[in-house]
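Working notes, structure below.
Letters A, B, C and D mark the chains as written, and numbering starts fresh at 1 in each.
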């Protein structure tokens, strides 16, 4: 197991490194000059040239690259061209709202998807199934940001039950925190939950047809016990993998939703940084996002081993 | 009733009269009469089990043999209400004089695993892959014995996901004991393992232990050795027989393998296309197989003294269950088929007690030499058939065989 | 529509009817059956057809020029009026804009998935068929692609290559390459060892023939289902990009762009963002329903691959 | 529409704190010597003092300078108030102001260094006297010294700057009515009333009245509206115009003022071919690109014809633009001088650019563009220009000109605009409180040395215009100066290098309870603002 984790971590690190390298060159392929953006559109050509020199942008690309790489390995993501702040510090500042929304979104998705999926599978072709399936279809058919707009209209503008904008850190209280991220989390969670619910349903249906479920019945256990003790864990095995894979969908959703709700998160920062060609921030943000993404999946894989005793990683330790 | 009634029909009626609740000791453990299990599919009604009757005595090993698709597994599942999506009807399915068909799910649950337990064909898929084998046995212990351990949903889930089952709990200790009983070495350690860590034979032993955990009176073993190696097969079968001897439990052994039947069973029912073909005690069936289908099956077993160049295979395939021929379902494959085969089937008794054959060759009105038909008195034959049918209809069927074990 | 076309073509390429080297020629028949029996398929197909036709014939059917501004801005929808779906903040007819928007949104959705499918399937087929280091290299590349959340790829591509129909299409489609590659590879691996592939090899067919004539046709069913589901997602993706202002061209009406333009008016003119949102929802729902019916018809197991 | 409230209003009670919203996604720099964006100016104006400031009538008045004189055209002498302190307790006297100005003079990377490049020396003979000597007369100089938007005269604190110049850019120390006490990355800033602020109101109450102002960054227009209409914030630095109009019409609890922050907007029209002999080198003085674009090779540029440019200017229905693109929050622009420069502004000078599609068509006919369409051209703009561009496209098509909209992200916009490969470009300025700011760099003929024409977007050149500009620059006397300005304006209108569109107004929103926020020249000054009970 330990060897497997080490191997996977190494693999993940390589993937992130490649991603970071691609991004390094990709951002430099984006037309537009950070020096000009920084100095304002009307800055003089000399001032821009001087700043470019200052920022090290005039050096050959490979020199810039190797300098950047060596800094990365020292844990230095550089400083923002735009604000002179440390990129790491900036990212830490905006990661909290994004991760809060994504996290709560995932919790909401799971809380909706798993019970609904199970009900749907158990009450197959009954009204419960049709309702749950219908709702999940709606969930996967709406853009998350649009759900956000509708929620904002209804709950913030019309009913006024939650604040309409911004983010409040959980350090300032759990309730205000939840109030601020409830709608955004719902907006990202619903589409994600829709997909998961359908997965849960088909996975659970498959499990219900398994021989060991018949065995459990032949043992004289009651229905709910069979479902939750014998079925659930087996049904969740594929769901865990899928939940990890879908993380990309969820993270993508957060970006647009942050904008709808006016929350300063990772997605906003990334888009703003691309707009103003803030290379170090773009690179840093991409590394952080890939990092979260890759390691969340690693975490999911490891969790997978814990809920699926059949899997033994590391070649028969 | 006239004297023209078949002699055994009378006997049935009489013995039925003596079968009273107070006389349970003489009663078979399980009685099944005229069982029909029907599935509704897109392609119409499928009668998977079509009028099967049998009885199992205490302490006996009762074999049900037939090709795949003959309805033997469905018969077993029907008894416990596990045949999903099927309509189960019968004149009578009684276990220790309790009417199983009249029971609701809750009542059946009390029977399943407790009085009647099952062993399934594929131990690989029939054991839950994410639970330790110990826990799979222990939960049966808990649920069918009042040992003071909570079996609420919450307690069970906590046990599974949080605390695990305590090694010192009575249920766990009993599980380990059962593993030992079925011949698993190091049962204390093995109990903590997951099914995938065990060999096929071990897994089937676990299944057996699990089946024993509720102290059942009847174990239904559905093809318990089919998925196993031949060497393991013998061990498992011996294990089952030992258990019968040790605990006096009855075993309903479902198999497609006549060799298994010959080695283990006291009595046998041969099924084909959801219907009974022949019932007899095991010795008789092999010494004096009467039904052409039974004979076909026996002839297809390789023998050590075999001087045949080819094994005798039965030509053709099992009929499509939605389009069975009327009368004998085997008639279209039967080498001895003749004019009466389209008539409704009835069970003709043979010389030895309990030997009964559902084949019109044995109609009194048929004179023949072996399978060669000399003459058929159609009128008389049909009259006979009607009489047999009438005798069975409405009168609880009391099997007369097996009295030697009573 | 296009699904069935693709379908016919792939089936056609494999030699049509008959069971040559195990090619399943019953798929087309099942497709037809599904359409005639399955309610989901019927609803889904009708919706897609309806929007597809509205898109194709928008220039003829649209009641107004989608760019024509009327002075009486912000007109609320009134089914009996000249503007049944209302007008936007420039006084442009929303129904007309919706119909023209469908052209871009559907075309980008289909085009993007086609792009992703073609590239991904090629990679997957080659990778799965050859195995070894070819497989290693290609799959590592796919791993890297997968480590980018899709929106990130799309934003970067649009930032680099600029906004525009083709660029957005590629940007959206890029995210599907890895999924198609994995799926195709998996199918190939399971098929590679099967008899008909062996048979093809034994009669001396070359690698390319085997991949395209034997292996590929047998991966068709799950790929079609995947294609359908991804088309739905691609439409959502396009709308997200347009909403972020990174779509086709800020001034071109697409559903996502309409929605984005309406966002600022939500308190005065909810319909500007709600109507296109409903159009997106209904279309995507239709495609999803249709895909779901196909999945059942082709007996493809549901996977959560994105 | 310009300013709201008046200075003599005093509250019945003081105190309280408010939440305010700024339509901005990242404030970042607040050091006035680096600040480049208006949203930053409106924030730091509450934190800093300037040598002078703009009062609510748009006039330049003393801030820490109680008075000033011009002994000659190149000398400014200020009397600095006594008893002014920085937020950190340092004394603000003439030498502190001298240090601040000299600091800017040494900041090569500041966008404002040009404003002080004509300073020969700064003297602080005593604590209350500050003397600035210029090398040559600079008429707009005094406007540069306003605390906002001028910035050059905004006074930074020596101790804090020297301690950590990097930190100072984000977390500055000033001497204004509020001090910055907290900021979280990108999200919010807390301004707390500065107890030792020097100014008092007419009744002797200390200013500011409010205890605290929290500035939230709300870049989403619709979110801003939701926030203020649900009382989540009490003040919005900039409301979405469509919501502002809704608030004005709906009689809700939000008061809206449309104020000019010296903003003007136009469509710049390419006046010369960058590849032509005359411009190949000259364009590089503005663009920095040695190699001019070859985009126009073998292509005709209709807008090099003065008649065409005038026709385009006449094709624009500015009132419609105001309604459709700005929801009323703009004034039609018929010339270049914006209403924030009250002393020079004339709504419709002679030969002003007026909507006249008939005449536009005639002019186009005369210029030889009679086809269908008469000609086609691309308009370059940023996403914020989109609404205006959409309306313009329609209006141009009414006179037979086909316009293709090219909306680019800001950074690509700036890359493109100096390539001169668009016939039309959306352009404008903000915070222009002197005419010099709107045309010196924008429209003067680019020269190798000096700032004239350094920002040329459309390769316009007219020697007479250049001469008029120079005169107006070198004449501090207001009456004489205005003559030169009128003259230059006439050249501008005759040549029509820009088709003027509007003078946008910024809709500032406040809940009814919040009174007396200073909105002159688009600022949001809270130093006399108060909450009604």
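Just so we're on the same page, a contact is a pair of C-beta atoms (placed from the backbone, for glycine too) under 8 Å apart; a residue touches a chain by one contact, two chains touch by 3 or more.
Just so it is clear, the model here is predicted, and its values are computed rather than measured.
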Identity of the most central chain, Cα criterion: A
Pair of chains joined by more contacts [C-beta pairs], C-D or A-B: A-B
Chain B and chain D, separation of their C-alpha mean positions in angstrom: 94
Chain centre separation (chain A, chain B; CA means) in Å: 55
Whole-Å gap between the CA centroids of chain C and chain D: 47
Residues of chain B whose C-beta touches two or more other chains: none
Residues of chain D whose C-beta touches two or more other chains: 226, 229, 409, 412
Shared-contact residues (touching 2 or more other chains) in chain A: 31, 152, 157, 259-260
Pairs of chains satisfying the touch condition: A-B, A-C, A-D, C-D
Partner chain D, residues of chain A touching it in the complex: 31-34, 36-37, 39-51, 54, 82-85, 89-90, 93-94, 152, 156-157, 160, 163-167, 259-262, 264, 268-269, 272, 275-277
Complex interface listing, chain C residues touching chain A: 143-144, 146-152, 155-156, 159-160, 162, 232, 236-237, 239-240, 243-244, 256, 259, 263, 266-267, 270, 273-274, 277, 280-282, 284-285, 288-289, 292, 301-306
Of chain B, residues touching chain A in the complex: 80, 82, 105, 108-114, 117-118, 120, 122, 125-131, 139-140, 143-144, 153, 156-157, 160-161, 194, 196, 207, 210, 214
Residue ranges of chain D touching chain A (in the complex, touch as defined): 25-26, 28-29, 36, 108-109, 111, 166, 169-170, 184-187, 216-220, 223-224, 226-227, 229-230, 232, 284, 287-288, 409-415, 417, 441, 454-455
Contact set on chain A toward chain B in their complex: 210-212, 214-225, 228-230, 233-234, 237, 307-310
